[in-house]
Structures are given as structure tokens and as C-alpha cells.
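This report concerns only the one structure given below.
The chains carry the letters A, B, C and D, assigned in the order they are written, with residues numbered from 1 in each.
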Amino acid sequence: MNQSTLSKEALTYFEEREKLCELCRKFYEKGWASGTGGGMTIKVAGDIALIAPSGVQKEELQPSDLFAVKLNASLNHGCEIIDKPENLKISACTSIFTNIFNLKASAASIIHSHSVNAVMLTKITKAQELTISGYEMLKGIEGCTYFGSHTIPILDNVEHECDLAEDIGKVILQYPKAYAVLVRDHGFYVWGKSWQQAKIHAECYDYLFGAIVQEKSLQALSLI
Amino acid sequence: MNQSTLSKEALTYFEEREKLCELCRKFYEKGWASGTGGGMTIKVAGDIALIAPSGVQKEELQPSDLFAVKLNASLNHGCEIIDKPENLKISACTSIFTNIFNLKASAASIIHSHSVNAVMLTKITKAQELTISGYEMLKGIEGCTYFGSHTIPILDNVEHECDLAEDIGKVILQYPKAYAVLVRDHGFYVWGKSWQQAKIHAECYDYLFGAIVQEKSLQALSLI
Amino acid sequence: MNQSTLSKEALTYFEEREKLCELCRKFYEKGWASGTGGGMTIKVAGDIALIAPSGVQKEELQPSDLFAVKLNASLNHGCEIIDKPENLKISACTSIFTNIFNLKASAASIIHSHSVNAVMLTKITKAQELTISGYEMLKGIEGCTYFGSHTIPILDNVEHECDLAEDIGKVILQYPKAYAVLVRDHGFYVWGKSWQQAKIHAECYDYLFGAIVQEKSLQALSLI
Amino acid sequence: MNQSTLSKEALTYFEEREKLCELCRKFYEKGWASGTGGGMTIKVAGDIALIAPSGVQKEELQPSDLFAVKLNASLNHGCEIIDKPENLKISACTSIFTNIFNLKASAASIIHSHSVNAVMLTKITKAQELTISGYEMLKGIEGCTYFGSHTIPILDNVEHECDLAEDIGKVILQYPKAYAVLVRDHGFYVWGKSWQQAKIHAECYDYLFGAIVQEKSLQALSLI
């Protein structure tokens, strides 16, 4: 990346822009962002966040491809766009991201994953929540213990992703200890107080979703 | 790659040649092109297309290894070879590729994958078509929605790949909204209006094929 | 890594520090250390060991992030910390690692993995040990043969990882031929007389754990 | 690799040595050589072959780590060692490799894989052979067709790998169209007229072994 060709806007928060692109490449390799799926946002200041654009290959993102927004709950999509890359559309997740930032003051980064583990998990239950217990990996999620259990909400999917924002807002208030919301047939949203913690939480939840689907299969085969 | 050693032909469309080779390496890593399987073509001008050769390791392709053809439906294989690399055979998919380009004016790139997900899917159904619904990932395929369903044709495999060309032509006309054709025991052909869209469509269909096989298995275990 | 910026401590055993970080990256790629899980230690001298810190991304470790400890069974955690990186916490595995070093004089390196294969294996048995037979891969574990069998202990998980140290010490004495201890719902600890052998043992056990879970599933489907 | 530090022997066939090491790294990444398992040989002249050493990490091999042998069926292990790297042991597969070279004049490279797909396949059958049909991927194996079928032998495993040499010799003569021999609980040996074809054959057989295990599982679930 030749920084001299970048606009003043793209140079602002350049390091965070590079980190967000690097993380999107890693998430693509994990299968969380195939087919342009998934997304990510990182807060770079109190009310400024970088957001990956919509409908493009996430593994090919460049620092200048990101949107910068100023959070403002009174506006449409919960923000004002302060840096818009040419020819790109802002993420369909934008109002979800801004609503999570609005309701969880400690959230500094949010990841949206299309993980098959998460999708399969939502298909093997009709419930509107998932309770996880019996895994050491729970301890990677803030506030969780091995002997305790951890419950996160499951929402049904909708046609237009932005229509999930209100429901996600509601379940976030109902499940104050959850760091993720599953969306049936779709994937999950997960956050943390830093991009590091958002990534750690994403890895822990994804590990748990995959393990639970395998555990249920082994139970169905009478092996557990 | 030392460009100075390349022929005038190999230097023409050099950037697109490099992209096609890079994509073949990525498809190999995904398991779509093991054992020399799979293939790809990119249109570089109105009636000129680059095609990966037959029977060689796709992950080792160099820009000078590609065939360039001029599409011409009245000729054998639907094209005239205008640049033939030494000691290489043109893809067995050639007449399939040219037939798809001929019938789908918007198609600018076609991928052929030997994905195990696709093969397993064709084995768990005797039908000549697959209807997909209930996955957010459908939205990565042009024209599809989450609440809608999407149907693509399944052809039985034949001994000589070129003999599929005519049948693929027929089903493309029968399923105008499909961007892929499954071939039983074999894999699938998938296209898009650019190499980016062909790759995105390939990733979405492959994700869906794998997810459906897992979903059916979980149903058979009474978990869904 | 610009060595000139490193402290005298971090430069000591610099090569071994780099190797430990490189191995942690590889273990992360294998899925053994997602979400900050897993850990590793390498003895660099008779009674000095390097230990990866707790609660950080293992794939991002730098040589200066490691703790150096002097083994001393009479102290808390079985060691005295002789080099403590700033702002990092010593591994929750420390007293387990030091206890293994204390009881197995030949152990020069220990790996802790959160492998899903290991976790699933502990879920399909209620026993407190696992006997493995019928795999060539056994021969990668020191002292094992193909026609023989190999038994390792399984401990139940506890809330605080350090509380495993005493029980691990007991089962190590009970199973003198084992190079690994499984911990239910959690993962496994594995060692060797060098980092190479610890890694080889880890790969062999992990391959065997995954194969056994698949073998039991195929048996449940009446395929074996 | 600083060639100036290499012995005259290691510099002989240097390019082929590098290729063999590169292939071992790739096979390790595919899971064919974990825990020092697996092996490979490439003929570099009429009766000279390079062989990977025994019991070391295959993904770390350097060109100077390889043995060079002169094939001679009248000698122990079927060869005379003409270049022996210090402190390394020749592969336990040596007499198997030399016997295959001896009986299949066209074989120029042999790969030994500890693939879990192969091991599981040998566990779901009690037969001493495997017949494969119904997969396009068969066409990647020389002489095979889609509508035809292809049969390869399965041997029971033995304690000492070298004791397989005689039995492998027998089944190679009984199955003249096979390019691979499965060994129960262990893996497979596969060859080709060049390292390229040996690798292509290995990928095709491995794809087929994995697909057949999955196909049988889907049958057991009444999905096929």
C-alpha cells in the first residue's frame, strides 16, 4: 500500500484500517466471510467507527475501502458517514453495529460471521436462546466460568439485514451477560471491549457452536 | 515471473492471466481442484477468453500456460484457439465454457469445481434439480432472497466431459435464474458477470451444498 | 523483530523464545489455541523454562512476551519467576507445567491443547482412562507399538486450571508410559524430551483422538 | 539454503532434493505426514533415488537431509546407500519403495501417506481390496474412466514397516492396474511415472477415500 496515493480521510486511523483489513482476511480463511458474507467494525475514537463495506470480497479489502462513521443514535442507521469510499456501499449491518455500540458502552469492536457452525446450531433448535455449559472454552468469554452456564439469544432471520437492528437491541438488553447474538440460518454478531477481545470472543463462540453440533450428533448416535 | 522471457501472446492480457493463475491456486487450496481437477475461464474482451489447460496441476499454473480462444459458436468446441501454449492440451471443459458464454451474454467468467460438497449433494438426491431455501447465504447469489428459494439443475455425469456441453446448454435455458449447474458424481459449473462474481457465486453455492448435506445428516439423526 | 530494542532478559535464550512463538502460531492454525486457549513451555537449561503468558492471542506472541522461570518444587507454582514481561500474566498452566517437569525428569517441553478432537473424545467416555490400539500412528509415541496398546489417564475438569496440578501429578505416577493427560471438556497436556518430540507426540495423540471419535461414529452407524 | 555449505553429495540432484522437501511440507499441511509419519521418494536417474529419512518432522526437511540410494534388488533393502546424511536413519519404507521401483518399471516417484481418510476406509471394510466407482475423480488416475471401476489391494498392517515389502510386491503383481496399495490402520502407498503424477494420484485416491467414507455414512443414515 503506497500511502502517498491515499486521501487524507483514508490516512486517518490508517493503522486501525490496516488491522481491520487484516482481520477480514483471517476471518475469510476461517470460512466466516465467504461469498462477501460477514463484516466488521472497530471504534477508533469515542464516537468514530470504521466499517467494512457491503457486497465486496472481504479478503481483498484495502484500508481506503472502509467507511468512517460518527455514531449518532438520532440519525438514520445510527450514524453520520464522515468518510465514504467511492463506488462502495456501506454495510447492511451498519444499523446493527451502531445499535450495539449504542447499547453496550464497553463494546469497541463487532464482528459479524456467516460461520456454518453457527448456522447449523440455529437449525438444531427451535428455541430463541442457546445455553452453553460443560466446556473449558467458555472461560474465554468475559465473565464465564467452567461450572457455570452461559445463555445467548437466537433471533429469526429477516429479509433485510437492517431490520434486525431493533430486535438485536431488544435481546441485548434482555441478555446483559451475552457477548453474541445468533441469527437463525444466518450467523452471529459478537463484540468485545477491543478488537482483540471481539476476535477472542468470536473464536470461543465459534468453537463452542461447532463443538455443540458435534456433541448433539454423538448423542444422537448414542455415543454420549 | 520474468516477463522478458514471455512470448508476445503470453504478454497480451498478462494481468488477467496472472489473476486466473492466482485464483486457480486459491481454488486448489479450497479442495476444488485437487488431482488436476476443476478449471476456469475469464473473458478478456468481447469474444476472447483465457482458459486453464487440461490435466495439469492447477495450483502450479503460470501465465504462459493458458490458452486464449476467440469465441465462435459455429466452430468445433465453440471457439478458435488463438494462443496455444506448447505441450499443453486445452481443457476438456472448453465446449462447456464456450456454450455457457454463448447462452449467457452476461457471463464473463466460469469456474468448474470438483468440490466434495457438490458431489455428496448430488449423491443424496435422485432428482434432476436442487431447490435451496432457508439460508442467508442465498443472498450472495444475484437475484436471490432469504425468504425465496433458488433452483439449479443437476445433470448426470458422462464419460467425456465435452459431451456435457449440449445438456448444459439445455438446462441453462430451462433455469434462467441459475448461476450454476451441478453434475452428479463430478462437481459443478458456476459463472458470473466478472471473475469476482464468479468466485463469489462459487463460494456461496459451495457453502450451501456443504450446509445442505450437513443439514440432511442432522435431520436423519432427528436433530432437526 | 528488532533485537536492539529488547531487554537483556528477552535476549537471553532468544532463539528458543522465537521457536516457542513460532510453534504457538502453528498450534493456533491447527485449532489448538483459538480464543487464547492452550499454552506451551520449553526448558532452556536444567532448571530454567520459558512459558507462554496467559489470556493473550497465542498466534501473536513475541519473544519478549514470554516468562522465564527457575524450577523450584518448594515454591508456590513450583517455580521462581526470573523474567516477567510487563503487563502480562503468567499462564494458569504454570503449576501443571512445573509439576510435570518435576515428576518426569526427561520432559523438556510441554504443550497444552484445546483441541476439539480431545474434548469430544472425553465426552464419549465416562472412564478415567483411554486405551488406544489399532493405529500405526501409535508408533509415533515413544515406546508404543502397532500391535500393543497405549493407555493414558483422563481427569475431570476443574474451575481453576491450577487446581489440576496435583491430580495431574498423581496420574503421571500411575501411568508411567503415558506422554499425555486428557482433561474432560477441556483438552490435553502432552510432553516430550525436546520441543520436537513434544510436538510429534501432540500431533500423534491429536490424530488418534480425532480418528477414534470418527471410528466410534462409524461403529454407531454399523459401518465397522 | 546457503548452497556453499552443502556437501558435494547434497549438491548433486539439488533441485530434486528441494522439490522433495517442498512436497513433504505440502503433504504435512494436508495431514498426510503429521507426527513424522509418511514418506516420499523420487528417482533422479535410472537407478538412483532420493529418500526422505525416518522419524523426523517431514515439514522441516532440508535438501541435505535426504538419503540417496542406488537400486539393487539383490541387496538388503533393495539398494545401496550412496549418500547418508549424518545422524539420520533411512526410512522404514525403504525396502517397500525399492520393491515398488523394482516391480513397476514406470514408477519414478512414490508417496507414503498416513491420511485419516485412508485409515478410516480400511476400518469400514474387512475385504482385502477396494473397488471404486461412480466418481469423476477416478479419471485423474491413469487408465481409469468414469463408468468403469478401479480396484486396489488392502493389506493388513504389520509391526515392522519393512515386513510389508514382500506382501506389497505380491499385490502389485496381482493388481497391475492399481497405482496404490492401502495398508489397514496405517495409510497408503501411491506412485506415478513422475513426482507430478505421484502427487496427482495421491490427491485423487485421497479425495476418493474420504468421499467413500462420507458416502457410506450418508447411506447408513438412509440419505443415499
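Simple rule for what comes next: a contact is a pair of C-beta atoms (placed from the backbone, for glycine too) under 8 Å apart; a residue touches a chain by one contact, two chains touch by 3 or more.
Only a predicted model underlies this, so the values are computations on that prediction, with no experimental measurement involved.
The fewest steps needed to get from chain A to chain D, moving only between touching chains, is 2. Put simply, chain A has to spin 90° for its C-alpha atoms to lie on chain C, with the angle rounded to a multiple of 5. Two copies of one chain, chain A and chain B, form a contact in which under half of the residue numbers belong to both partners. With centres set at the average Cα position, the gap from chain B to chain D is 31 Å.
Each of residues 217, 221 in chain D touches at least two other chains. By the contact rule set out at the top, the touching chain pairs are A-B, A-C, B-D, C-D.
Here chain D touches chain B in the complex through residues 134-137, 140, 145-147, 196, 199-201, 203-204, 206-207, 210-211, 214-215, 217-218, 221-224, going by the rule given at the top.
Taken together, the chain C residues at the contact with chain A in this complex read 31, 34-37, 57, 114, 116, 119-120, 123-124, 157-159, 183, 185-187, 213, 216-217, 220-221.
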